[in-house]
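Shared chain: chain A. Partners: chain B in the first complex, chain C in the second.
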Partner chain A sequence: MNTLFEYILKPVMTFVAKPHILLPASSVALILTLKYYRTVTKPKIAAAIGLVLAGLLVVSCFDPNFKKNILKPDNVPIVLLLFGLLFFLWLSLRRAAINDEAAERGEPPLEARMKRETVLVWPDLVMIELICLVLVSAVLVFWAIFIRAPLEEPASAALTPNPSKAPWYFLGLQEMLVYFDPWYAGVLLPTLIIVGLMAIPYVDTNPKGSGYYTLSERRFAITVYLFGFIIFWVVLITIGTFLRGANWNFFGPYDKWDPHFQQPLKNINISEIFWVKMLKQGMPKEWYVREAPGLLMAGAFMLLGPLILAKTVLKDLFKKLDIVRFSVVAVLMLFMISMPIKMLGRWLINLKYVIYIPEYFINI
Partner chain B sequence: MSEETKPSGKPRAKEPEAAEPKPHVTDSRLGLRTGVPAVKKGTKEQMAIDPMAEGEKPFEAPDLASRREAMWMAAGWGLFGFATLTETAMLVSYLFPRAPFDPAQVFRIGPPEEYLPASVSEAFKKSNQVWICNQEYNGRQILYALSTVCTHLGCTPNWLEADQKFKCPCHGSGFYPNGINFEGPAPRPLERFKIFVGDDGSVVVDKTKKYQQEKGEWDDPDSYIAV
Partner chain C sequence: MATTVPPTPPQKKPGLLAKVRDTQVWKSIFRHGYPDTQRNRALAVLSNVFLHLHPVRVRKSGIALSFTWCMGGVTFFLFLVEAVTGILLMFYYRPVAYSAYNDIQELRETIPLGLMRELHRWGAHAMVLTVWLHMFRVFMTGSYKPPREFNWVVGVVLLLLTLLLSFTGYLLPWDQLAIWAITVGSNMARATPLLGHEGPGASLLTLDGNHLVTAGSDVRFALLGGRFVGENALLRFYVLHCVFIPVIAVMLMAVHFWRVRKDGGISGPL
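Entry: the complex of A and B
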């Protein structure tokens, strides 16, 4: 048992937890889940998946470093959040599967067939609320007693905690900031996320799926949303919580966060790769010559990207939407795609900036 | 303003001659219809229009109810205004603290010999947010004051003596002892401050003037001391 844990489970989990594996692997898992959602969400299969994941968590707690990380007062809610997210993802996909199968048979969705129950506010609803209030208070009281608040010594300008972590709900943002200039990841991208969410009612002209769960009738919208929420927010929070250790280095789930752990991370700009490594010459003096490769790459990405999307992934959407709406969707999607590209670039070839113009504070 | 405080022309007390034909009554509604300005009975204006009214009803007591209301209004608005003014005054005074909390911008750090070659001193990190470094840069041994503010998002990096680098615990930016960024997202090197030898032979750091490498300011002789 112990050898199985040491020689099979640990190396496999450590491998999967490497960021350049974890992000693509979770993306593939999400795509497969959405493709085979009718099979995956069958109660027995879903329960088996949940049990395997919970089992991995419990078995991994035999490792002292993993246990310490999981049971940190800060991190306990993240574990609950992950399992809660899986549960609600299952619940919605399960009901979508039931509804979609019913729609194929020409039947109304589950929600339309449900008995429309009405209850009195007093005493029915108020009693339910009272019971909830008592239960939640009891849980919070016991939580506060058994899991101590992670307070630290008074702040000091000379001493930054190592690692310095944002509140859990901002760890995705902090992880984004690792790969980009603060102006880009701290201001532009969050603004685009908010603007993109606000744009949904204007660009999503699909009237279906109102008041009932469905996947087949809104496959594109749900896939894009779940990618943004699960992969680029929850997975990044998980990475930030469990895999980022001392000096903001990556650590495996069973590693000790050694502050003297050396990781060679000397990073390199696209301009250096092009001029110095490929052409074996010095860097040009003028920034527009120096950054021409990066500018061309970014320009091609943003200009040719919508055309390629219109021919491939967004083919149906291109037919349905007018040119303005389609451009908005395509540009927002390209910004979304640019994030994992840059992250993989950093992880695989230590890429620093595609465009690096410190003269004008433009670094992307 | 409630309905009663308006000069409605309807007297509160029931007039004895109300039932009779009213030759002198100036009803506001009538006034509006006939173009006669609406005036209150018993007031100076009414008497000016209709001097005969004086004889009938020489003086009508002022409307006590509306005066009481006005008092309440005045008290309420007065209290509100007082509270707002006090709040504003406190807010403004908050912007001018009575004690200076910032450390001195210009300070002495002792003779240059105190800082050994190939060293990074953290003696002034806590008090003044600078590292005093004696390092080789472009083939010369120089002494310079580096800012402890990370150029990515402003955290304070840690000096890792064993690894000979500054490493930021917030997003993993790394800097060489000379301040050049080489790891993580920091877009530019750490900033240097003005440094010179004072009259008494002691080194003075002036944080009001900073020197940025990416602007080519590190060649400025004020940004380092040759040792």
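Entry: the complex of A and C
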């Protein structure tokens, strides 16, 4: 049993947890879940998946490093988030599957069958609220009794802890700092997330699926939202919290965070790849000549991107939406796609910056 | 030959509760009888300012736990928990660098009901979770679709405020965890385009050859009241955390709840 844990589970989990494996793997898992949602959400199958994941968590806790990291008081909410999210993802997709199957038989969704029925707020709703309130209070009190709020050494500007981490809900953004500069990962992306979320009701003109769970009637909208929420927010938070240790280096879930571990820095800019490696010459002095390849690539991405999207992935959307709405969707999606593209660049060719203009702090 | 006199049924005396309900004081507070009839149940909601957030009747499908997950309600409840525990913490905590850490330690070790700090911190984490799950539910049921578009936008702002509330509160214990998390977070502001001294384009803003946006005048300086996370930042975050953001959040919550009703109640199929 111990051998199994040491020689099979640990290496496999450590391999899967690597960012360049975990992100693509969870993306594939999400795509498969959305494709086969009617099968995957069957209670027995879903319960089996949940039990396997919970089992992995419990077994892994026999490892002292893993246990220490998971049970850090401020990390408890992330474990709750992961399992809560899986549960609610199951619940919503299960209801969607039931409703979609009903729709194929020409029947209305579950929610519509009860539509005419109304109940009095007192006592029906007030009672539900009271029960929720009591349960939440109980959970919170037990949580507060059993896990003490952390309090470290007094603040000192002279002693920098390694790693220094932002609060857990911002660790997805901090993880993006591996791939982007602060102005992009810490300012532009969060702004676009907020703006993009606000834009959703105005760019999603699909009248179907209002007020009931469905997937088949809103496949595109739900896929994009779940990618943003689950992959680019929750999975990145998980990586940033549990798998990034000293010097923001990657550490496997069972590794001790060794502060002396150094990763060789061999990342390289597009300009260097183009001028030095391909043309075998020195870097041009002027920044606009030097960065021309990167600028051209980024310009083509933002200008040709919408056209390509209109012809391929967003073909149906392009027909349905007016030009303003379509442009907003396309631009937001391009920024979203820029994240995996930069990540792939880093993993495949050690790409550092596409555009590197330190003169004006413009590095992408 | 005694004639059997049927025993007179004992006179039913009104119970204590019934007596209390009959008093002028009780009647002045509650304008309706016990809510066991349709009319009194409707009045129970209509004549109570808090319950009046609700309509009298709701769609049965709308209140099913499997539909709403009660996440919006739980988020609001957690906000109230944060308000109550936060006010209690304010009795003990002073937002100045020389005492902040000690006050937290006192709360932890010696003060009765020091559990308030735990409740406050875990309640805050829980609120971040529930607000995300609430948004998740609203998205999955398509409840942002017309006529509820604007309320979704208000909700996004409330989500942002929840994160900012949690972020500003993170600094207050004034321990290593706090100042370095805020240092990492607020370092982002340095890179704000044009407004941060390390942001793209900031170096272009010059007057007679002097940089206008420097470490002593950029947006990060405004947030922290200094070049690093120090005493001024502690006071600023305290005011933001205890007064500024909660006031805005309460106002937007009022709009949010009111719009839920004005836009047709909890969503349901058309």
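Quick notes on this structure:
The working rule: the second predicted complex is superposed on the first by the 336 of 364 C-alpha atoms of A that agree within 3 Å, B and C clash if a C-alpha of one lies under 4 Å from a C-alpha of the other, contacts with A are read in each partner's own complex, and residues count from 1 in each chain.
Going forward, a residue touches a chain if its C-beta (ideal position, glycine included) is under 8 Å from a C-beta of that chain, and two chains touch if they have at least 3 such contacts.
Since this is a predicted model, take the numbers as computed values, not measurements.
Once the two complexes are laid over each other on the shared chain, residue contacts for A:L265 go to chain B alone; chain C is not touched. Applying the stated contact rule after C-alpha superposition, one finds that A:V121 touches chain C and leaves chain B untouched. Touch criterion not met for A:I337: it reaches neither chain B nor chain C. Contacts of A:M297 after superposition on the shared chain: neither chain B nor chain C is touched. Once chain A of one complex is fitted onto chain A of the other, the partner contacts of A:D204 are limited to chain C, with no touch recorded for chain B.
When the two complexes are overlaid on their common chain A, residue A:A157 makes contact with chain B and with chain C alike.
By the touch criterion defined above, A:V178 reaches chain B but does not reach chain C. Applying the stated contact rule after C-alpha superposition, one finds that A:G186 touches each of chain B and chain C. In the superposition on chain A, A:W248 contacts chain B only, with no contact to chain C. Touch counts on chain A: comparing chain C and chain B, the chain ahead is C.
Shared contact residues on chain A (touching chain B in one structure, chain C in the other): 156-157, 159-161, 164, 174, 181-182, 186, 359, 361.
Every residue of chain C that touches chain A in the complex is listed here, in rising order: 35, 38, 41-42, 44-45, 51, 54-61, 63-67, 69-70, 73-74, 77-78, 81, 97, 101, 104-105, 108, 115, 117-123, 125-126, 128-129, 132-133, 135-137, 139-146, 148-150, 152-153, 156, 159-160, 163, 166-167, 170, 173-181, 183-185, 187-193, 196, 198-204, 228-230, 267-270.
Of all residues in chain A, those touching chain C in their complex are 74, 76-77, 80-81, 84-85, 88, 91-92, 95-96, 108-115, 117-126, 128-129, 132-133, 136-137, 140-141, 143-145, 147-157, 159-161, 164-170, 173-174, 181-183, 185-188, 194, 197-198, 200-202, 204, 206-214, 218, 222, 225, 229, 359-362. Residues 125-126, 129, 148, 152-153, 155-158, 160, 162-163, 167-172, 174, 182-185, 187-188, 214 of chain B are the ones touching chain A in the complex. Per the touch definition, chain A reaches chain B in the complex via residues 156-164, 174, 177-182, 186, 246-249, 259-260, 262, 265-267, 352-353, 356, 358-359, 361, 363.
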